[in-house]
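Each of the next two complexes has subunit A plus one more chain, namely subunit B in the first and subunit C in the second.
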Partner chain A sequence: MEQLLASLGQNLFVLFGLLAVGAAGVMIFTKSAVHSVIGFLFSMLCVAGCFLALQAEFLGVAQLLVYAGGIVVLFLFVVMLVELTKYQEKGIFQTQAKFAVPLVGAGVLAFAGVFRGILFGPNAGQALVLKLGLEGATEHLGNAQAVSRGLFADFLLPFEILSVILLVALIGAIVLAKSERV
Partner chain B sequence: MVSMNAVLLISFLLWSVGVAGVLIRRNALVILMCVELMLNAANLNLIAFARQAGTVNGQAFALLVMGFAAAEVAVGLALVVALYRKKGNIQVDEINLLKG
Partner chain C sequence: MPSFSAGLWENLSHDIHYIWPHILLMVAATLMLWPLDSWLMPWTKAEKHKWALPTLAILVATLGLTLATPNGLGFSAMYKVDGLTKGFQVLCILGSIFAVMLSQNVLGALQEHTVEYYVLILLGTSGMLFMCGAVDLVTVYFSIELMALCIYILVAYLRHQGRSIEAGMKYFLLGAFSSGILLYGISLLFAATGGVTTNLTELNQKLALVSADKNLLVYSGVLMVLVGLCFKVAAVPFHMWAPDAYDGAPTPITAWMATAPKAASLAVFLRVFDTGFHNLSYDWTAPLMVISAASMILGNVAAIRQQSIKRLLAYSSIAHVGYMLLGVLSKDAQAGAQAVWLYMLSYLVMNTGAFAVVIYLQGKGEGERIDDFRGMGKRHPLLAFAMLIFLLSLAGIPPLIGFFGKFYLFLLAVQQGFTTLVVIALLTSAVSAYYYLEVVKQMYFKEPATEDGAECEPMDPYAKWLITAACTLVIIGTAFGPQLLKWTDDIRWFEKEAPKAAVFELPGK
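What follows is the complex of A and B.
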């Protein structure tokens, strides 16, 4: 049973991760912008599943709320706002796409070589396995409490700076997007 | 129990799909989505390394990254709408105001 549960986490993570990569591929290769947004939504849902498989429950739920609930709706609104049909016939890819795709492919292959050499080569170290428990977290302390302790104790200044950044982004978005005659 | 190799591999694949999308697409909306994808790959790594070190600080920082991504998307979409008002399209290779 323990063995089954241990391999289940790994398998779920890999399943959700590969689904996320596939949905991201659909997102960048599909023609219609609405289909792109749907691919993005599916990819974000799968990344939330990955977070859950990594036992970051609070972040998984936050990912669902922020991305599936907020950002995807924003993207959909802008897709509806912007008329794109008359540019469809010019093609969806940049003119340098025929250089960019082999370049990224070569980068992926080179990194895969390094990755394989480090992880599976003759002097590969012991594979890291993620720990189950948290340091200083007791039984009754859930994931959300632990994260909030880290957030408000160790990252208080970045948290406050983030609130200012969000305010600036709010004002900037309104100023940028409002029509000029008002 | 998730092995670190799987996390690194998945996040690398997600990130490279994001880079490819930024490089090849002409639609500014899709480029913004690809940037979000790269941020998510980084978040995955943050959470995995925090889990490996046994602390929650990486998770807290991933939450900050998420908020930052939301701010970035708001400004980016406002820029897209402003560009559409000005130029009538959002294809990035037709935006060449500084070219002269």
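What follows is the complex of A and C.
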């Protein structure tokens, strides 16, 4: 039973991962902006599914709340507000498809080669096992606790840098959008 | 046994000494955003350009703090202070100081003075300081993002000019794309080592031991990190954004982009490839050699046809990056870092000098096309002489300081066995002399197109000082060129790893 569950988890991970990639493809290749946003939403949901399959419930739920709940709604607002049809008529979108498609195909083939050994090689699945905590953490540590340890102990410096990045983004939005400069 | 929070506090109070310069920059920048200036600096109420001087003061203080920082490793082995960190941090701060000095009058003339401009320079500088000391791929990634985000915004700063917006947009899209590639490469390496570490020293040990079926994974990870970093230094073939971004940005920002972020990115290059991927040099030497050669050739050849001096300097900066990558290729990391640092130092001074001349001329109502330099030798003899010094130095003509930078770098590359690359570098240097001397020819041997004698604009005091200072520095550097290598010999660029930071105690144990 345990073995079955373990293999189920792994299979679920691969399934959700493939779905996420497919949804990302829909997001890029569809012509309508609203469909793109829906594809993005689906992709994010599948990534949340990946997290859940790796038993990282906290990350999965955070992913659901932040992306599906917040960011996608913002995206939809922007898409509704901006009139994209007039740009579509000008034909400025997808003008380089004939170069891009072969390149993407070549990239996909290359990475299929890279991952073949990981997914079907002798040590298949080893990379998919979640290592709880990076340093000294144990299994009995809760999910949220593991994340907070990561953020405030091991990854304190990147976390603080990230907060400054958000501040810069805020300043940048104001600098670029303010109508008058004093 | 200390609790988790006590352990956190203990580590923080121990490690915080390494990042005082960054803290000063960030706190000062945040305070500048508050509308407190009329209380704190009441004497500047009438002036519109009051922010340049405080910014300069903060940067100089940061420079002092940086030099006083103790060496060591901190923040769970994510940030390290050693010779490489400090050396390149000094270059970054100098680049920012020069950019701020140049900004005052340019912004004044465009009526675009805001405090946010200086705040973004300060925050971007703090990102660069983090980049110089980052010894963990996660820190590398986030600090690169911090720096890059500030630059995207500053490139698009003149948002009433179409080309500024276009440049900012192009740079942002390509930069975001390259960040994605870099991050994907990092995640592949993380997976290849079994998902336990992103620390460069540990990666170096673990990557050499991965099983054969993961070799491709490691190879593609290393290549993607290489591509992501090459985007940041604008090495061919990942240079497409550079000419447009340099051309569209406000000229002080162009001067800044050509020097400070390059210094920080090269520090990351040296750190990642000479410590993190040192055992994997077989994987990245050949691609990096191709990139270096392509940057030298394409940068120099494309510069010949440019009409705008900003675009010319943009292409020449691509070529200079190609030369500096020779130092990254060196198997002797210590000597490589030394040669790159010396080259970057000379490049910083002479390139900023050249941009200062361009800005000075713009302040006098002259254009930035190369044709506009016609007859400058008669109109502004001193300025033309300074420009002559900078251009000859950039071309690497002996005995100027640019020559010594190139000489040390090429000598090292020959010693390391990259003879073909050095031959290419020498040939392309000859090409570069052609287009630099073309500008000189315009200045001294061509008559000005129109004689309107636009001398009415006030002088830009900062730019004048900076031109004088840079020119003096180049000449002094020239005099001491032969000793430069000896002086920097004593700097230990890569400190041996200190013992790893304490592992936190678990709660409830």
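By definition in this document, the second predicted complex is superposed on the first by the 140 of 182 C-alpha atoms of A that agree within 3 Å, B and C clash if a C-alpha of one lies under 4 Å from a C-alpha of the other, contacts with A are read in each partner's own complex, and residues count from 1 in each chain.
The rule is simple: a contact is a pair of C-beta atoms (placed from the backbone, for glycine too) under 8 Å apart; a residue touches a chain by one contact, two chains touch by 3 or more.
Predicted model only: the values in this text are computed from it and were never measured.
Touch criterion met: A:C50 reaches subunit B, while subunit C stays clear of it. Residue contacts after overlaying the shared chain place A:L157 against subunit C, while subunit B stays out of touching range. When the two structures are aligned on the shared chain, A:A106 is found in touch with neither subunit B nor subunit C. Using the contact criterion defined above for the overlaid structures, shared-chain residue A:A169 touches subunit B and also reaches subunit C.
Look at A:V34: by the touch rule set out above, it reaches neither subunit B nor subunit C.
Contacts of A:V73 after superposition: neither subunit B nor subunit C is touched.
Shared-chain residue A:L59: touches subunit B; no touch with subunit C.
When both complexes are overlaid on chain A, the residue A:V114 reaches subunit C alone and has no touch with subunit B.
Put subunit B and subunit C next to each other and count what each touches on subunit A; the higher total goes to B. Overlap of the subunit B and subunit C interfaces on subunit A comprises residues 111, 115, 127, 130-131, 134-135, 137, 149, 154-155, 158, 162, 165, 168-169, 172, 174, 176. Per the touch definition, subunit B reaches subunit A in the complex via residues 1-10, 12-14, 16-21, 23-27, 29-30, 32-34, 36-37, 40, 43-44, 47-48, 51-52, 54-57, 59-64, 66-75, 77-82, 84-85, 89-93. Listed in rising order, the residues of subunit A touching subunit C in the complex are 110-111, 113-115, 117-118, 121-123, 126-127, 130-131, 134-138, 141, 145, 149, 152-158, 161-162, 164-165, 167-169, 171-172, 174-176, 181-182. Against subunit B, in their complex, subunit A makes its touches with residues 6, 9-10, 13-14, 17-18, 20-21, 24-25, 27-28, 33, 36-37, 40, 43-44, 47, 50-51, 53-56, 58-59, 62-63, 66-67, 70-71, 74-75, 78-79, 81-82, 84, 87, 90-97, 100-101, 103-104, 107-108, 111, 115, 119, 127-135, 137, 143, 146-151, 154-155, 158-159, 162, 165-166, 168-170, 172-174, 176-177, 179. Chain contact summary for the complex, subunit C toward subunit A: residues 4, 7-8, 11-12, 19, 26, 30, 33, 75-76, 78-79, 111-114, 116-117, 119-120, 123, 126-127, 130, 136, 138-139, 141-143, 145-146, 149-150, 152-153, 156-157, 159, 188, 191-192, 194-197, 211, 213-214, 216-217, 220, 503-504, 506-507.
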